[in-house]
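You will see two complexes here that share subunit A, one where it goes with subunit B and one where it goes with subunit C.
Right after this comes the complex of A and B.
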């Protein structure tokens, strides 16, 4: 996934990104405080965040180049609302440790990846309401949809960000969009199989998977 | 295979940047970075870049270490530079068959490139000059929400655990003849390996958390470092912030 570097976007886009991120994080943190489970949930949150980080180091060959995993959809499925702060922390560390992306763009990059992760969570939740029929299989399918959709929407948001920065960015935006098509398919396959695996092996990691009676 | 992300490898050196109070350092540098990335004028950005390099030299972090870390930014920014040069509408200055380079594209590209490099270079005197746990304590003192501070701390710790664990799983898979290709089979196998990584690490995280809890962990970072802000720190912080503000004043009055 391409994170936007410092110095690319205009001030209004940067400011809007930080405003949305701060608001959503405050909401997520308040929500978790009200449930009073935050202290025990921190290890779980951190494990998922660290996995999100390490996933970006795994390169999968595609033709002559390679792409890396993103797993933002998986973060959404496992953590729900708290996926948003998790992705924020993941991006902070990706910048601090590897200089991926930028520091002033952490706000907008979190919107670009985090909001699709929340939508993926919604999709998975809707799938859960419909009732998963065969254990593992349908969770896997919904996981794949969630995983692919998270990346597809992230690319869409990224393109919108680039287009609002200036008229001259339309060429860059279309190149970025085309380059991500294989990543969407790979993410769908990987996230689908991770979800199917976790539902069978460690169901408490996917709270929504086990709701089927 | 995968290299450890040791951003604080040179935290034990001694320099004015290392002696700078962590809290004042974080605030002053963030202010400077945010100011530089929104400068609209190329000439002023160049001044900002030189100031960033000056602070880097002051911090005595080896240049080879910094250059190694600049490669990701370079990859992103330079590809953006090339794309902008060819696709940005404006006055054509060179033409290859159906592609043409525009002056506006080059200007915007240079502006973006230099702003991005200044920001990344400033990261090294900022967080490369203190240990990661010192930074976490400083963030806590700066009233960053506790849940974020704790997540930052645990995630940082687990990144190293995960890298080791995934390396082990990868070695086991390769020794059984697994090759990472773009087939559905390979992707599903990688998915299962990731799943196993989650399960193992989750169980370990729970064990570690319980052990910490039973030893009196309350969620506040405890380190032996004591912070003491002195007049020197105020002067340094105010002069960095003052420099950032003056960059904008100059760029405002520039014709």
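Right after this comes the complex of A and C.
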């Protein structure tokens, strides 16, 4: 549901989406170059993008519509800043292989899913700085918050985008929001448990799990 | 006995011939044409039907699109409309609340549009996606490897140069 198709949004919104996406992509690539992203991170990037790519196939029928998993929160928590290019690549593949979304809307769709991923990463990181005593617990809780928040924000962004069309979407907007409540809960549980598990088993996969003792 | 059998065979031939002649000498045949409805179905990738999608049908006349009918798909994503006499081409747009949209052009003079079965099966598309990601990762790794090698070689050259000095 969070993939906006071609021909729904007006041109200025699409253009703004592309502009934000290009700017953030450039920023993310510059950041990773400066930080000298190690070669080990590329397989991680690729695997997480693959998970994001197939997650959208998991449909859950809710009332009259059907919603699917997004997993942008998981991408954000595991990849950090690199979540943005990962989501962009995932969306390009989803468009060409599953016809999800549209080619002109890849820009705005990346904003709708990628920016919440970055925000939830920020919250995850900040929350873990506060820290709880036991390892795995705090990461799990903040992972769940990040996972749920990423979807909630994506829905919020989507609703804002749909409102710009001015087609009286306000009724639809609340429908979209309500339909995503199960997804928010599922993703919070998924991201929370995945993060708690990874912190225990392979802490170096989580950008800060390994650093904090 | 024999006579009975002959009679039976004769009777059968009679019946058969009568029934055969009724077919041949049937009354005038009437052919009535009835134009049925055009059925369309909207579904998401993966086969999930687009329930209650808003369907808009445009009649295409000499290249111009004209709003013809609007309606809602049923719970299986199906919608049907009666064609207009003289219009052979229709554009059908299906839109679901939440920004999903798809369209197709129906041309009555041509064969039916490809069905769901002709779509590439989902698992092949999933595998294709993984393949692309693997390829991208490979290219990125190759680039990094090349850069590391260059840095390393540059370092050796510098070291050698320093020693020669």
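Basically, the second predicted complex is superposed on the first by the 196 of 213 C-alpha atoms of A that agree within 3 Å, B and C clash if a C-alpha of one lies under 4 Å from a C-alpha of the other, contacts with A are read in each partner's own complex, and residues count from 1 in each chain.
Going forward, a residue touches a chain if its C-beta (ideal position, glycine included) is under 8 Å from a C-beta of that chain, and two chains touch if they have at least 3 such contacts.
Since the structure is predicted, the reported quantities are computational estimates derived from the model, not experimental observations.
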item	value
Fit-or-clash call for subunit B and subunit C when the two complexes are aligned on subunit A	clash
First, second, both or neither for A:81, with subunit B first and subunit C second	neither
Touching partner for A:6 - first (subunit B), second (subunit C), both, neither	both
Subunit B versus subunit C as contact partner of A:175, first or second or both or neither	both
Which of subunit B and subunit C A:50 touches, first, second, both or neither	both
Touched subunit A residues, subunit B compared with subunit C	B
Touching partner for A:42 - first (subunit B), second (subunit C), both, neither	both
Contacts of A:158 with subunit B and subunit C, given as first, second, both or neither	second
Touching partner for A:62 - first (subunit B), second (subunit C), both, neither	first
First, second, both or neither for A:93, with subunit B first and subunit C second	both
Common interface positions of subunit A, toward subunit B and toward subunit C	3, 5-8, 39, 42-43, 45-46, 49-50, 53-54, 57, 61, 89, 93, 97-100, 102, 169, 172, 175
Touching residues (chain side subunit A, partner subunit B) in the complex	2-3, 5-8, 11, 14, 25, 29, 32, 38-40, 42-51, 53-55, 57-58, 60-63, 69, 71, 85-86, 88-90, 92-93, 95-100, 102-104, 166-172, 175, 182, 186, 189-194, 196-198, 201-202, 205
List of subunit B residues in touch with subunit A within their complex	2, 5, 7, 30, 33-34, 36-38, 69-70, 72-73, 76-77, 80, 83-84, 86-90, 104-105, 108, 111-116, 118-120, 123, 127, 145, 147-148, 150-152, 154-159, 161-163, 166, 180-182, 184, 187-192, 194-199, 201-202, 205-206, 208-209, 219
Contact set on subunit C toward subunit A in their complex	44-46, 48, 51-52, 95-102, 122, 125-126, 128-130, 132-134, 136-137, 140-141, 144-145, 148
Parts of subunit A lying in touch with subunit C, wherever the complex brings them together	1, 3-9, 39, 42-43, 45-46, 49-50, 53-54, 57, 59, 61, 64-66, 89, 93-94, 97-100, 102, 158, 161-162, 169, 172, 175-176, 179
